[in-house]
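Chains: A, B, C, D, E and F, in written order; residue numbering restarts at 1 for each.
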Amino acid sequence: MKFEHSLEHEDSQMMIVQANIDDMNPEFSPHISDLLFAAGVNDVYWIPIIMKRGRLGIQLNVLTGAELLPEVERIIFEETTTLGLRYWPATVHRLGREFVQVQTTWGAVRVKAGFYQGKLVQFAPEFNECESIARAHGVPLKKVYDEVRNLFIQEHEDSGQIGSQAHKSKQSP
Amino acid sequence: MKFEHSLEHEDSQMMIVQANIDDMNPEFSPHISDLLFAAGVNDVYWIPIIMKRGRLGIQLNVLTGAELLPEVERIIFEETTTLGLRYWPATVHRLGREFVQVQTTWGAVRVKAGFYQGKLVQFAPEFNECESIARAHGVPLKKVYDEVRNLFIQEHEDSGQIGSQAHKSKQSP
Amino acid sequence: MKFEHSLEHEDSQMMIVQANIDDMNPEFSPHISDLLFAAGVNDVYWIPIIMKRGRLGIQLNVLTGAELLPEVERIIFEETTTLGLRYWPATVHRLGREFVQVQTTWGAVRVKAGFYQGKLVQFAPEFNECESIARAHGVPLKKVYDEVRNLFIQEHEDSGQIGSQAHKSKQSP
Amino acid sequence: MKFEHSLEHEDSQMMIVQANIDDMNPEFSPHISDLLFAAGVNDVYWIPIIMKRGRLGIQLNVLTGAELLPEVERIIFEETTTLGLRYWPATVHRLGREFVQVQTTWGAVRVKAGFYQGKLVQFAPEFNECESIARAHGVPLKKVYDEVRNLFIQEHEDSGQIGSQAHKSKQSP
Amino acid sequence: MKFEHSLEHEDSQMMIVQANIDDMNPEFSPHISDLLFAAGVNDVYWIPIIMKRGRLGIQLNVLTGAELLPEVERIIFEETTTLGLRYWPATVHRLGREFVQVQTTWGAVRVKAGFYQGKLVQFAPEFNECESIARAHGVPLKKVYDEVRNLFIQEHEDSGQIGSQAHKSKQSP
Amino acid sequence: MKFEHSLEHEDSQMMIVQANIDDMNPEFSPHISDLLFAAGVNDVYWIPIIMKRGRLGIQLNVLTGAELLPEVERIIFEETTTLGLRYWPATVHRLGREFVQVQTTWGAVRVKAGFYQGKLVQFAPEFNECESIARAHGVPLKKVYDEVRNLFIQEHEDSGQIGSQAHKSKQSP
C-alpha cells in the first residue's frame, strides 16, 4: 500500500552552511539541530574537528534550500556561539521515493523505497515504527529490522508492485 | 570601555582550501597552522578522515580571502606532504564585533561581543586574558570565565551600553 | 551444513595493550595491524586522539591472550614509533559460534551464527564470500548481504537446525 | 531549596564493558543506549574507531556496577551485532551532589552542584528544564543557561547556603 | 632513473560529491571505495559525523573529474544506502610529479617526487614496494622508509638530477 | 654526544584516569592538559566520544604514577565540569632512552633514541629544536626533520656509538 511518493530530481538551489565552534557547551547541539530541522532544512550534521590551539571543536553543517538561508543564519547566530559562518551553493540529487507497507507479526510497518532512474536501488524500514515495535514487544530492534527487510524482499522487490512508470525517467526542475 | 569594533558584513571573495594528507608526521600540524595564521588566513582546522587502505588521514582546511590563495598554496605545498589541494569559493557572513571590558576581582578582562542585525547575540571572554589570570592567581579557568560572563551580563547585556547604531543595519561591501 | 563450531566461554587471561602515537606516518598502520593479526592477536583497532600540543595522534589498541604479550610488545616497539606502551588484564566473553551455509543464486555462502546461553542472537554473512560474489557477478554488495540474510532467516532461524545442545549452557574454562 | 543530595564517595565495584562493532546499522545505537540506561547502568558512550580493513567501527562502552554485568551482557549480545565483549574492574570517584533551585524570569530551574572534599567545585543547570524554557518562551538555550548560572553565582556560590557539613569529609563505603 | 612525469597543473573541472549515511553496514565501505577508484575517480575518503538522533554516521566524499559524475552517482546510489547526494565544483591544483628510483640494500624502490613551480618540495617512497620489502626481508616498514628517504636525499635532492625544465613553469590548461 | 639516558623498564604502579565530559567549553582543554603535565603526569590525551542524547563529548585521559592520583583528581574536579571520574591500574613498559646530538647545517639538534632489549628500534628528532630552526631559517619543518634523521642514520644507526651495555638487558624495578 502506497502512502506517498516523490520523483527523482536534482535541485541546484541548495546551500551548504558551515560554522566551526570551539567554545560552546556540547549540550546545546541536539537542541540546535531540532530548531534547524523545525525550520525546514534538509539536513543537519556535526563533525569533530581540531581547531586553534588543539581544541576539539565541532563543525555545524546545514544542507538547506537557498530560500531558508536567512532563517538558518538567524538560528545559528542566535543559538550557537559562533561569530561567523560560511556557505556555498551545491546541487542535490535525490532518489525517487515511495512508501510501502509490509505486514509483520507485530503489525504494519512502513518501508521507504528509493528509485534511481526508475530502478529500485534501496529500501529502509521506518525507524520510528520499528523502534515502537521493539519497545512494545520486547523484541531486539535488529530482529524487527530483519523481519521487515525480509518481508519487503519477498513481497516487493522482484514483483514490480512498486516502481511505477513515474520513477522511470529522471526529472529535473 | 570599547577598544575596537567592526561591522557585520558578508564577504563573497573567500576560498575554502582543502588537502587530504595520509603520510605526514602529526607533529608538523600545529606549526603549519601557525604559518598559515601568520600569513593572514581567517581559519585553519584539521579533520580526522579515513583514506585509502583504511589509513587515518588528516584533512587540512583553510578559510582565506581569495587574495591570499597563492601564499596559502605555497605554504601547503612546501610544508605538508600533499601532492595536491583543492579549493572553491564561499561567502562568509561575520557578525559585528565589539570589545568591551569588565572589571573583575583580578583586573580588567576583555570580552568580545557579537552583533547580528544590531542585536547582541553572543559574548565571549578573551581566552588569553582569562588564562593569564587563572595562572597568576591559581584560580580555575572555568571560574574566571563564570566571573567574566557574570559581570558582562550585569553591566552590559541589558543596558544598551554596547550595540551602537553602527551595528543596527547589516552592511554588505 | 556445519563447518565448525566453538562454545560460548569467558577468558580472563586477556590483555588490552595500548600506545599513543603522535609522530608516525599513517601509511604504516595497516601493515602493523597485519603483523599483529598474523601473530595471533584477537583484535587490533586504532582510535583518533588529541595529544600534546593539539596533535591528531592515533592510539593503537590490541586485544590479545596474555601469552602473546612479549610478541605484541616486540612488534609495537619495532614497527611503530612509540617509546612506551601500557597494558592491563581484561576478561573476554565470546559467544558460541557456528558456521552454516546458505545456497544463494550465486552459490554457497557461509554465515557465522552467534549463540548466547544457547540461543541464536546474531548471524553475519561472511564478508569475503559476499564480496567475491559482488565482484564476480556485478551485484551490489548490499544486495548480496540481503539475499544471504534472507535465506538464513528462512532456512535456519526458526527451524532449530542450528543451535545444538552444545550451545545451551555457557561454559567457563 | 534542596531536593536531594548524595555524598562524595568512591566505588571500587564498577566495571567498564566494551565491544567493538563493525557491522551494525548506526540507527540502532541510540535505542541500545536507552535499554542500557533503563537497566540502571551509570554511563553509555560510543567511540568511533578504525577496525580491520579500515572500516569505521564503533566501540560501545558501558560503565556499570558489577552487579549489573549479566544484564549488560544480555543487552549487548541480544541487541548489537557483536560476537564478543570484554570488561575489567575500575574504581569510580563521584563528587557529592546537591540540587538547588534558582528562580529565573521564566520560573524555577534546578541546578546540580558538585562538591569535592566539601568544597563547591562545579554547578550545572538541569538540561531538561532549561530546554523546556527555551522552547516555551522562544529564548536561546545559551541565554537560559547564562541566566541560570548567573543567578546561581549570585545566590549560592559565595553564601555558603549549600555545601553543608555533610559534604565536608569524603566518605568511602 | 625516471619512469614517468606529469606537469604541475590546475583543473577547474572537478567535482566534490558527498553523501551522509547513517544506516549502512560499515563493512561495505572499503568495497565501495574500490568500485569508485576503479571507475577512475581521484580520491575517496570517509569522515565520521554525528547525524540525526546522535547516530554516528559516515560521510562519503569523492573527488572526481566532472565527466565521471554520472558513473559516481550510479555507484553511490546502487551500492550505498543513501537516498540523496550533493556535489559542487572545485578547482584542483596538482604538483608536477616524477618517479625516480633509488637502489636500496633490498633492491630498487620507486620514489614519487613532487614539484611546485619547478622546485622539488616533496618526495614519498612508493608504499607497495616498501611493504613488499618489509614482508620479504622481515624488516620494519619504518626502517625501509628511512633507508629509501635517506638514499633519495643523498642521490637526488640537491643534485638537480630531477626537476627538469619541464617543471619550472606552472602550466594551466 | 650523550646528554642523558634512562633504562628500559616496566612500571606496574601506573593508573589510567578517565572522565567523560559533555558540558565543558572546549577552550579549557589545553589549559587543563598544561596543569596536569605540570603536576608530573606521564600523559594527557583527549578522545572525541558520543554521549547521552548524541552530544559530542570529550573523554579526558590521564596516564599517571599512582602516587599522583590525589593531585590528578583534584585538578580534574576543580578544573573540568565532570562530576565523576574513574581509574584502574595499568603496567607501563618504557623503552631505554638516550639523547644524542647531530650536527646539522643549522646547528646541533638532539635526537631521542629508543632501545628495546638493548637494540636501537626508534629515533625521533626533538620537536622544539627542529621547530626553532624552521622558524629561524625559514626552512620547512619536514626538511629539518629529514636532515636530522638523515644525519642520525649516517652517524649513529649502524655504528654502535649509542646503545651501550646499559641498554642490553631489560631492567624491572
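Keep in mind that, in the parts below, contacts are C-beta pairs under 8 Å (C-beta built on N, C-alpha and C of every residue); 3 or more make two chains touch, one makes a residue touch a chain.
Just so we're on the same page, UniProt names per chain: A, B, C, D, E, F = Nickel insertion protein.
Since we're looking at a predicted model, the values are computed, not measured.
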Touching both chain D (Nickel insertion protein) and chain E (Nickel insertion protein): give me those chains, sorted by label. A, B, C, F
Answer with same or different: of all residue numbers used at the interface between chain C (Nickel insertion protein) and chain D (Nickel insertion protein), are over half used by both copies? different
Per the C-alpha centroid definition, the whole-Å distance linking chain B (Nickel insertion protein) and chain D (Nickel insertion protein) comes out as 31
What is the distance, in whole Å, between the centres of chain A (Nickel insertion protein) and chain D (Nickel insertion protein), each centre taken as the mean of its C-alpha atoms? 29
Chain centre separation in whole Å, for chain C (Nickel insertion protein) relative to chain B (Nickel insertion protein) (CA means): 43
Touching two or more other chains in chain D (Nickel insertion protein) are residues 23-25, 27, 29-30, 46-48, 50-51, 53-57, 78, 81, 88, 121, 140
Draw the chains as dots and join the ones that touch; what shape do you get: line, ring, star, complete or other? complete
Which of the residues in chain B (Nickel insertion protein) end up touching chain F (Nickel insertion protein) in this complex? 24-25, 27-28, 31-32, 78-81, 127, 131, 134, 140-142, 145
Contacting residues of chain B (Nickel insertion protein) [partner chain D (Nickel insertion protein), same complex]: 50, 53-56, 121, 140, 146-147, 149-150, 153-154
For chain A (Nickel insertion protein), which residues count as touching chain B (Nickel insertion protein) in their complex? 20, 23, 47-52, 54, 57, 59, 73-74, 77-78, 81-88
In their shared complex, chain C (Nickel insertion protein) is touched by residues of chain B (Nickel insertion protein) numbered 22-27, 29-30, 46, 48, 51, 53-58
Would you pull the chain B (Nickel insertion protein) residues touching chain A (Nickel insertion protein) in the complex into a rising list? 14, 16, 29-30, 33, 37, 43-48, 61, 63, 88-95, 97, 112, 114, 116, 121-122, 124
